[in-house]
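Got a structure for you, written out below as structure tokens; questions coming shortly.
The first chain written gets the first letter, and so on, giving A, B, C and D; residue counts start at 1 in each chain.
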Amino acid sequence: MAMIGGGPGSFIGPVHRMAAELDGAVRLVAGAFSRDEARTQSAGRDYGLEPNRVYSDYRQLLERERREADGADFVAIVTPNDSHFPVARAALDSGFHVICDKPATATLSEAIGLAEIVRRSQPLYALTYTYTGYPLVREARDLCHRRELGQVRKIVVGYTQGWLSERIETSGQRQAVWRTDPAQAGIGGCIADIGVHAFNLLEYVTGLRVTEVCAELSTMVAGRALDDDCNVLLRLDNGARAVLHSTQIAAGERNRLQIWVHCERGSIAWAQENPNRLEVLVLNRPAMTLHAGETYLGPSARAATRLPGGHPEGYIEAFANIYRDFAADLTRRATDPTAQLSPTLCGIDAGLRGMRFVECAIASSSNGSAWTRLNE
Amino acid sequence: MAMIGGGPGSFIGPVHRMAAELDGAVRLVAGAFSRDEARTQSAGRDYGLEPNRVYSDYRQLLERERREADGADFVAIVTPNDSHFPVARAALDSGFHVICDKPATATLSEAIGLAEIVRRSQPLYALTYTYTGYPLVREARDLCHRRELGQVRKIVVGYTQGWLSERIETSGQRQAVWRTDPAQAGIGGCIADIGVHAFNLLEYVTGLRVTEVCAELSTMVAGRALDDDCNVLLRLDNGARAVLHSTQIAAGERNRLQIWVHCERGSIAWAQENPNRLEVLVLNRPAMTLHAGETYLGPSARAATRLPGGHPEGYIEAFANIYRDFAADLTRRATDPTAQLSPTLCGIDAGLRGMRFVECAIASSSNGSAWTRLNE
Amino acid sequence: MAMIGGGPGSFIGPVHRMAAELDGAVRLVAGAFSRDEARTQSAGRDYGLEPNRVYSDYRQLLERERREADGADFVAIVTPNDSHFPVARAALDSGFHVICDKPATATLSEAIGLAEIVRRSQPLYALTYTYTGYPLVREARDLCHRRELGQVRKIVVGYTQGWLSERIETSGQRQAVWRTDPAQAGIGGCIADIGVHAFNLLEYVTGLRVTEVCAELSTMVAGRALDDDCNVLLRLDNGARAVLHSTQIAAGERNRLQIWVHCERGSIAWAQENPNRLEVLVLNRPAMTLHAGETYLGPSARAATRLPGGHPEGYIEAFANIYRDFAADLTRRATDPTAQLSPTLCGIDAGLRGMRFVECAIASSSNGSAWTRLNE
Amino acid sequence: MAMIGGGPGSFIGPVHRMAAELDGAVRLVAGAFSRDEARTQSAGRDYGLEPNRVYSDYRQLLERERREADGADFVAIVTPNDSHFPVARAALDSGFHVICDKPATATLSEAIGLAEIVRRSQPLYALTYTYTGYPLVREARDLCHRRELGQVRKIVVGYTQGWLSERIETSGQRQAVWRTDPAQAGIGGCIADIGVHAFNLLEYVTGLRVTEVCAELSTMVAGRALDDDCNVLLRLDNGARAVLHSTQIAAGERNRLQIWVHCERGSIAWAQENPNRLEVLVLNRPAMTLHAGETYLGPSARAATRLPGGHPEGYIEAFANIYRDFAADLTRRATDPTAQLSPTLCGIDAGLRGMRFVECAIASSSNGSAWTRLNE
């Protein structure tokens, strides 16, 4: 694996490295961590790489790693959003498989272009929608897909953070700087940074498709160019209704992503900050709590834990589950050129859905919260 | 106190009796529990009343109790929504003070009429918005009103029930029958039954006013005439944004009313099913949990508990707090004819706000979820 | 009902009044609240009694109320522990039924004497072990008694308070003064005040009997005459083992009474500070949570709630359940002189068990924590 | 790093590998995973090692790795308890630093012998008392050591598992087989497997020393040779009292390790199954909850997280914190031969304390739960 982005000060770069290597099937061997030579080499040392596998130009990385006998076989893209598309395109053009931070691209038109490339060349292309790596998210998905609780009728999904409550981007906080800058983040702020996680979780867990949105995006902290608070009503393809709210200005909150799915005969609830439990409510029955690592879980959830029940796994392990599935896909692809992405992973379709959602929510919001069609 | 409504099979009638009498300052002395003579007398026996103080016609009750030396000094109205207005008007016309189940009336025009009567004759008129009786709701309110955490920016309030997941009104479940019948419930189903509780809680706690709503009301259980699921975006008079969702078809849920208020420097969270705690998050500080009955609480919260910390009080005690405040108001009014309703109580203004919200949400929903002005 | 004790400043007196009257079947009609005439009359006014039914001498109360046509039919004893025995004896001798705060008496020998009186004259005699009134404690008991989860193997019960962390008895805090004074509290401090609640809960829920104890009682706050911290190992009659710990010096804690019962095929857990839920764990099955007010509960638990699920009831309602059962017993006794105390209530046997436990724990502690037999 | 033990079917071997490599400072390069050649090679492949670095005889590993230029610089011992001592002694004799699974040895006399070797040759020797790696355990420790809440008065520590509720060792469950076999596990069952974790956590967090124990160890599942349930009263060197209970027969429980430390002015509580939060109660103040990853935490806790607040880390990360500190110690030792083990780590002293506790508890239990001195 080669990493592009993730240089000094990056939050997500080291997470990708830890997650990728956790299960022993993947090793980071090369990287273009920064366009600045000193910074990329500094990061390379931190990642434990040989200097000659550390680049300041990702195109150079792609070219050389492609030719090396022991070159990287896939590329992980962890740059700010505005580079996702050009880097992914270049990597795919060079014949690499790609794993990329969400969102897939900075704009919908880029996403459509990328989808076209992926459809044509059929690489393995996955997005690290981290929360889909949690075992109990996968259990929730299996429960929904099996329709054991009947049809889904109502979903509430919220993603609540507080770290942008103050205008910290003006004092140089690196994560805040690029996320609040339209040039680097794209057209969406909170909606593209975390709203899209909530949207993806909703579609991932329920297996339903959002068909229309009615959104209001706001900028609550004065002086900010992009939205930092998003409230959305949604309609789904089976007639269900949903509410999605995401915010980054909920002072004191950490990273509270929660989803409730209400079906005809029961409900399920999951919360990222306490991820190893899934609540399952059934009409007129005692409430149930499913715990990660237990034998009564389905195969997807069981495959996504390393430890027995009561030994908490967390965000890094969820991330690692995505890499683990991706590594297994690479192995299958090595012998079967038609092998596709595991159904547990989010590929370009989810990426395209996410970008459509972001653009659709922004359009609705700009248009007086009018119900706006979210096309396929 | 005399009760109108609350006959055999009533849920809320006995709650009013327990709540009213809990603190020893009020006693139920008369009632018109049912229009059926046998039923009203049966209820009267259950309530421990003398048969000659039990009526089948509320007008008769009003007339006689007014003349009795030891007659009731106020009337509690616990009938289905459609009677709230005529009964309240008659009681007020007879010179009684009134405490009434929410909503104030079945329609907005009735509410406007009632407000006019109340403004003219200046009785004590209170609505039992039960959840405003919880000590930590009052603490939350004091926290918000003092603006210690800065301005409110975002509110999420949800009221989630599951008891109408199936069409139990067709099998005669008494509570379901009238709530799903437009003739008895009025124009709103879920929105008027519990959505209005969520709305009132939002305005009560924050002290802000909702100015516009964008709503989608749905009927998820086929065959039902009124809405059973409501999702609403809201704008507030200080520029804050809010989401309100209420549902009665969340199978397996009980009575999950929750509110999160996010301010500039911190957030507060309260949940009705675990009501004796209030979470207070402050930016970059340890999370705090305030517990009922503790000495560090403000005077409103301290006045609303009977027991030291760690001794749970619940729904009946919250209800009793409303009666306690109302009884204190009656005592003050006895010597001071200008004494007004305690600020802890919800009076006709809150009732009128609630009805405006219901009509406004229905109007918005009928009009493609267009943003609709909620007038004063 | 007549109350003895519970004068100005009492915590538990008003609780008894509220609990007794909550369900409408009992009314406080007389009281001897204090030996001081002014204080007893002041309390009488607060309780809403006629002055001629308010006494300063409990013997006078017993004599007069016995003779009155509408005199009290039972006596509630809420004095400090040292008076429990003489007052109960006098009341029983006067032909009253008795409901008494725990512990039954101040010493074991008094308890043996009282038990003899009760056995002889067969009154209805009940102790307000409050926590046995919670619906989910009764559900836990039914679960254990039915042995659905197999034999009990291990119990952990803890009762943790912090209000005596400082020596507040020296500054006149009324509750602390008598509880830390051997002359009023008896030979046990924490062990007799709350340790005995934990012990009773253990035997009540499991239906097992403790046969031996190994205890260490300590006084952690210097200058205090009685224990304020108790740690006890226990052996039960079926071979099970248990740990009981109670403390009043856990600074910052409120009233955390918790019990875990581990059986062959599952475990149950209940906590007083969140009393409307019961956790039931079954080997290799999803964890279950039972909620008060739900239809799937057994008849004991269902009979002990007034409200549907999700409407919290608390300490007063639990207390009221004891009074409700006692009132039902009184009604049955009125027509059937052989009617005995409901099995949901704790009578003189539980009182005697409690006193044996207190004395046994103190003896063990004084004897180097030697295992000490707890006789029948 | 070379690993000894951890072959096919091992739970803890792969955990050590993941934990050691997580932060990029350590790499597994050799191993003697099993005495069986095929099995050790199979494990070696799973761990991604070159076959020539995989051994079936740990002595051979020690000899060769010592001579290799790029040989392992320390050994991780993950065998069943009975081998801990001989393997550690051999590794230390060969000049390796050692990191070893708890307990240090199978018997106290072995531990004394090992301590003598460690004192003499001054290697870096650490035990993986996993739970001491959690950031909030380290915060709790700092809070206690700073005495901000005053002196410790009372501790309750419980470790509750249910996986040995049935006699699964007879059906070949690998983890159960050796843990219930005195020949492999040593003289203690539950007390040595998890009781010692609870004991270590108590001493680690409080900085106090246990001076006396009064214990009852039981075997609740018939046919088992070692204890599976342990209840212990403890006295501490500052006069504090404690209760320690551990069990493996609590059917339905997972891995519930919890500690409550009650001090003069406040209390702290931590639970392993929800490890990213620490409750801090202060007398007459709102309860506080500290969350991992937040800036208000002390340096020890902050150094032990990789992610911002709200991104859960778990058991593997806690484990990795031990390796990370150990790796830092190795680095310091490389330039400073007097560099000692980090104070955050548990070394031979903690190992010796643990074995003394196990033997002392067994002795007390065999002697009628007599208070038994736990020597230095």
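Keep this in mind: a contact is a pair of C-beta atoms (placed from the backbone, for glycine too) under 8 Å apart; a residue touches a chain by one contact, two chains touch by 3 or more.
Everything numeric here is computed off the predicted structure, so don't read it as measured data.
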Maximum centroid distance from subunit D, chain identifier (CA atoms): B
Between A-B and A-D, the pair joined by more C-beta contacts: A-B
Distance from the mean Cα position of subunit D to that of subunit B, given in whole angstrom: 55
Distance between the centres, which are taken as Cα means, of subunit D and subunit A, whole angstrom: 35
Subunit A and subunit B: spacing of chain centres that average the CA atoms, whole Å: 42
In subunit A, residues with contacts to at least two other chains: 253, 280, 285, 287, 291, 294
Complex contact set, residues of subunit B against subunit C: 11, 14-15, 17-18, 21-24, 46-48, 161, 163, 253-256, 272-276, 291, 293-294, 306-317
Subunit D residues within the subunit B interface of the complex: 280, 284-291, 294-296
Residue ranges of subunit B touching subunit A (in the complex, touch as defined): 149-150, 153-154, 156, 158, 160, 162, 165-166, 214, 216, 218, 220, 229, 231, 233, 241-243, 245, 247, 249-253, 260, 262-267, 280-283, 285, 287, 368-371
